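For reference, the structures are reproduced in the following blocks.
Look at the two complexes coming up: chain A is in both, with chain B in one and chain C in the other.
Moving on, here comes the complex of A and B:
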């Protein structure tokens, strides 16, 4: 059953950046867009399971640190080789300055 | 423990063994760099690559124009030689940087330069994108890395011929013809996904058409001039990219998962760095492929205390590499073990428990 889980404070992520969030034996990436919106995806790249936390956020794109594969982190869509498989995304809400993601 | 009779084929015994021993897609060593500094260096820019591309292509047009005007006099030779380096060597690094997608901020600019450079360096842009991906996953892992130049024992004749692009161009033309006829080799299938293979074939057919047109023009005009401009510069201008490229990993360790052991950073003169687009910072590039070429000197300054001392020049690099390569003719397991400065984190034994070449050096 899915549930809202507190991932971090809204200010813990810089604008146009991401952080790693681990929960229940899984790892996630939580993003803050340049327009101050928040998003969440699986933490591991679908190409070779490298964590995206060291990657580069550009607008709404996350570029993987290993082979520069790109995803749209709003939809999880794989945008550029070598990634071919989309990322899972998760609903996010911000309440009282805390970021929650819906997982499960 | 020695590792005789290495099998560099991507479908062979050592490929299987690398998977079994955990060397495939392993966790590699990275120097700690603060996230803030990384973000700053990772930032994409168009300015440096636009400037360099204008200089690169502009120079090619001018040199080709003068070469053609002076043709067939020998006075055209220096202009063609310079044009050849920009065609047959500078494209190696443009192919590389644009393949990573880091040279320009604007995506289509990366893609256009990638296609142009791939054509000139004779690397199918689809096949080689995937082979290079594998090179970064499994750098110098025997049986997994498709881009190992110095296989042991080194085939020196092959390497020397490649200073004039002979083997590379022959292989490239063979692959182009094979792909143009719709055939993808077993090796290519190990790293090019099924969904991408039709693109390999399409590109090969386009290139085939271009080369056929250039050859037809040469025959109809009774002159090799068209081929001096398209195709042959990959031979007579290859020497610089081979000279710099051999230094990347030559004579260093195989089957390790720390780029400080299998890659080499070499300080180079500004002209070579322009042609090579800063790939002389090769340890840094492998450790952090997200950093654009123009930020590599900055990255080098930040992490150099954690890396072996760079070679001070191309000559200094060859003085280290060449004797090691010659020794590998007789002792396959020999390699240069690069010393770390006292400020560096030591090579981790647990990273290399399964690495035969490290054991050989111990």
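Moving on, here comes the complex of A and C:
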């Protein structure tokens, strides 16, 4: 059963950046794009399970902090070796200044 | 096309050739019997489970003929043939030498073990228990990563380093000092300024007469490029196989890339021992093999994991030039260095987990774009490097 879960405040994420969000024993990454849109993916890189939290967001790309595997965080698509497995993505909505992601 | 060497560079180059549209015959020759695997984890963890660079079926799917456990005896650049150790001969149009580097040993250290391959790692880590005393000669990346791994296994660890500091070849002194303190806090006996006279299987004798008795001796005192084939084929050698901006050796149709080559970087020839460079070289040389003469322009980047600490580096620092320190909180910091023209040239960082990764990556892009930052902004962690990058 999926449900909307409050992840953070809209202002808690800097523009073109991400934060980590943990819920129900799983870990997620929540992004704010340069155009002020919000997205969510799994938190761990599909290459060596390093958390993407410390990675760099440029435009719509998140780059893993360990080996620079790159993903489009809107779709989860793996863009460059060494990653070849896509990230799962999750629906996001912003209501009253709070960011919710649909998980479960 | 023939690629000699099935490490990170050779394997990536093979796949990159297919990605670039090369449809001809492609043979990749590796001297180890294993499916090609990633080397960086070997010194970083236990148990040793080699992680394949690519799945076995991917080679067949991409039409890459992978020869495992096969040595190359000779390259004949006139006839354009490769003579294999089993006396077979292969013809080539273009040949890539990606033979990497091998562990170097100084006289007196011949009895010490070294760590380059998965078999080395299994032999060393398989012999370490909570009761063992491991002596490591050389306080570089491999030795210190192994020290951290051995401490996790509960072993007693002594690191013997000839210089008066750790990681003298590649790491600024301030960062090396943090690592040294961490190793000592973790129970490693770090001996600096200690010259080794001789090692046996279970002892290290220092030049001043002191003797370390132990169960296992591992030497991590650097590597030497595997240049024999290239040299015998007539290629110019100087701390690696000399290549130009497109990884061409001085012999026609013979290319070299990865740890075995010395390539032009900012006005001098450099040789790197780096996972990332191996991959970057591979992607570039694949295009060069197909006739592209674009100059390689990637910034050197490397890392080390020791305990919870990650060290990351972008660019090549000049030991004699000053650094600007940027504190990132939680003890993490990076050191940044500009060149004589004020362009950012190098960044080195240490911190827990991924603490320095974002800034090192931004610094790498700033180096590549020739950004001339204000040193005050570099030192101020509240100034986002992304803003400096985008100007």
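Convention: the second predicted complex is superposed on the first by the 104 of 104 C-alpha atoms of A that agree within 3 Å, B and C clash if a C-alpha of one lies under 4 Å from a C-alpha of the other, contacts with A are read in each partner's own complex, and residues count from 1 in each chain.
Quick note on the criterion: a residue touches a chain if its C-beta (ideal position, glycine included) is under 8 Å from a C-beta of that chain, and two chains touch if they have at least 3 such contacts.
Model, not experiment: these values are computed from the prediction.
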If chain A is used to align the two complexes, do chain B and chain C fit next to each other or clash?
clash
Who does A:51 touch here: chain B (first), chain C (second), both, or neither?
second
Should A:42 be classified as contacting the first partner (chain B), the second (chain C), both, or neither?
neither
Contacts of A:81 with chain B and chain C, given as first, second, both or neither
both
Examine A:63 and indicate which partner it touches, taking first as chain B and second as chain C; both and neither are also allowed.
both
For A:72, decide between first (touching chain B), second (touching chain C), both and neither.
neither
Residues on chain A lying within both footprints (that of chain B and that of chain C):
54-56, 58, 63, 65-68, 81-82
Chain B residues within the chain A interface of the complex
25, 38-39, 42-44, 100-102, 107, 129-130, 133, 136-137, 193, 195-196, 288-290
In the complex of these two chains, what residues of chain A are touching chain C?
16, 50-51, 53-56, 58, 63, 65-68, 81-82
Would you pull the chain C residues touching chain A in the complex into a rising list?
12, 275-276, 279, 303, 353-355, 357-358, 361-362, 386
As the complex stands, chain A meets chain B at residues 17, 48-49, 54-56, 58, 63, 65-68, 70, 80-82, 84
